[in-house]
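Same chain, two partners: subunit A is paired with subunit B first, then with subunit C.
Right after this comes the complex of A and B.
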């Protein structure tokens, strides 16, 4: 399992467009991928409903966790999206 | 089967018509969009449920069945930082399909050089579950698409 803690730089947080890109990237992973806001409960990063439901805003800290052989690559891509959006 | 209603009056078009590729390609979810009539109006809940997220320019209604629908008022309207949008309910409120949620004027959005098109997306849904998509003139509260 790989985990990363990042501060979201996307201007709109993880709202519609970045949320969709985030979920698409997570869905490509074979293993489980979760995202949590701060110390909160993790939710599936493969669900746009769950990701938008977290209400992540710019400068919020999120913790993303991935399982599987490609975990580090998945986290790289998710971090990139959270930074750009 | 869930009937999803048009949140705003205007012209129903395919999601692919939305100028933002993330919506147009169905990445937010399948569904349909409405080119809103250029006059002050209330954007209404497309389904009955809880207003799980309420932004000035977008909202998500979550039905008891777990179906979630996102209504996004215009493209890149998050940049307006709420100016021109008035929330008519509180986040977390239970609404019936057709209940007014946000008051806005698409003409003001267009005047600022933004698209006022309103994508209505079925969240976490496969494109195959969306059917009976409306095409052409719709009033707020008219059937927009079905979600099976």
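Right after this comes the complex of A and C.
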């Protein structure tokens, strides 16, 4: 299991386009991928409704966790989306 | 007499035709609906409908392209959301029919998104649309969408979702009217992109019978039912003339004889800059800074504020940018500001604007310091003004706070009648005035801006309001100060000429109104503006004032005004 803690830099947070990209990237992973806001409860990163429901804004801290062989790559890609938006 | 509905005009132009409604009514599943017993088959049926809906939305997105594609793609992701599918399966296993399971599972997420507030309102509408589409499929009902028509029509709906509008044919639809929505709703954005006249937030739109002929004015927000043929011709001709004049107007604002009246934009954040620049704003006349402070637990820090202010200052090198300091109050509470001691039964008359900052000066000091730093090295001319200033003591206090922070040009909003009447004393302390006509009208006529049915008193053409504008402008001139207007009044081309005649020195408005105001000013000389101002002030009521002013400004008739 791999985990990463990042501060979201995307201007619109994890809403709109970044949310869709984030979920699409997570869906490509074979294993479970979760995202949590700060110290909150993790939700499936493959669910756009759950991700939008977190209401992550710019400068919020999120914790993303991935399982499986490609976990590090998945986290790289997700971190990139949260950074750029 | 033909009936007229009133909404908000969000995309100018005139559209005329029969009403066709958006097919929206999808039968709702019975709240106790249960399936026949084969839970696995029912669950598969539900998930298949979700997947088909997702595919359909994806295809619509591809066909639409651009921003609509993004929204539709996000909707497709909602329709095939794995967490939603799990929840639907669980509900079907507990006995619910597929349609009810989808409806209930979506409701859980809907509530979560709705709780995130205004920011998510558009996503909630998107999700509602997804649910309707899946439920329609499961219940064998027609999937909601655009009406069919052989003749061009006016599309009327409660609200429009991106999936409805993506396939909208601008050759077939002549105007859009929705009961809900605002200037930033999908409907408004799409209408402007397609150049279709549109009126949103129009109460009563949902009661207009299918096939009724209507005339839609996307500038004024009027929707006339069964209008006289002459009215239609005049409206269409006027709309064409206005569009042509607005398209041809360019350069700085000035009257026909060269009297300069800088035309500035009202903005609510850096996101409004492209529209301001596109419409030829010479600067910013009202930068509302509330967006930085709303919906957050902590006050924005120094650096964040500097960045937001600098983004706007840098867009107008050599131009002026007038920033209004935080305008909070009981009607616009901020989480991180301690509330006053008492509940305010009448927040418009309570502790708002500068009154609140006088109780919480640290918040103002941080903002002023950030503004002073933001101006450095930008080449723009920064002016900072306080809202809700009542008397000379208020003005003196604010000017001192601004000077301490290193702000070169401090001013005040003139919104309170007492401030307008005693503008000469206020002018001793500050560099400039900016008249907020919306609040000035509210306070002068003692009529709440939000209360329906008081339209006559919410009209800046009220001669009493014009008197106060005149008093402010002449006090400013005597003291060698400038006096702008930054309310809706400035966006009315006829009133813009009257304000100029009253001695107002700059006009600031929503960016889309700039071209037409520029065109109107260019058709009147200063003497005519003054004569129109005098005639308006001599009138006994707002309608008479309007008529009297337009008689003095004959050249504006060619704009259909």
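The rule is simple: the second predicted complex is superposed on the first by the 85 of 85 C-alpha atoms of A that agree within 3 Å, B and C clash if a C-alpha of one lies under 4 Å from a C-alpha of the other, contacts with A are read in each partner's own complex, and residues count from 1 in each chain.
The definition used in the following text is that a contact is a pair of C-beta atoms (placed from the backbone, for glycine too) under 8 Å apart; a residue touches a chain by one contact, two chains touch by 3 or more.
Everything numeric here is computed off the predicted structure, so don't read it as measured data.
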Which superposed partner A:17 touches (first subunit B, second subunit C, both, neither): both
Contacts of A:52 with subunit B and subunit C, given as first, second, both or neither: both
Subunit B and subunit C contact sites that coincide on subunit A, given as residue numbers: 15-17, 19-20, 23-24, 47-49, 52-53, 55
In the complex with subunit A, residue positions of subunit C that touch it: 70, 73-74, 77-78, 81-84, 109, 112-113, 116, 119-120, 123, 127
Residues of subunit A that touch subunit B when the two form their complex: 11-12, 15-17, 19-21, 23-24, 47-49, 52-53, 55
Touch list for subunit A against partner subunit C, complex: 15-17, 19-20, 23-24, 27, 43-44, 46-50, 52-53, 55
Residues of subunit B defined as touching subunit A within the complex: 20, 22-23, 27-29, 52-53, 55, 58, 60, 62, 68, 70, 72, 78, 123-124
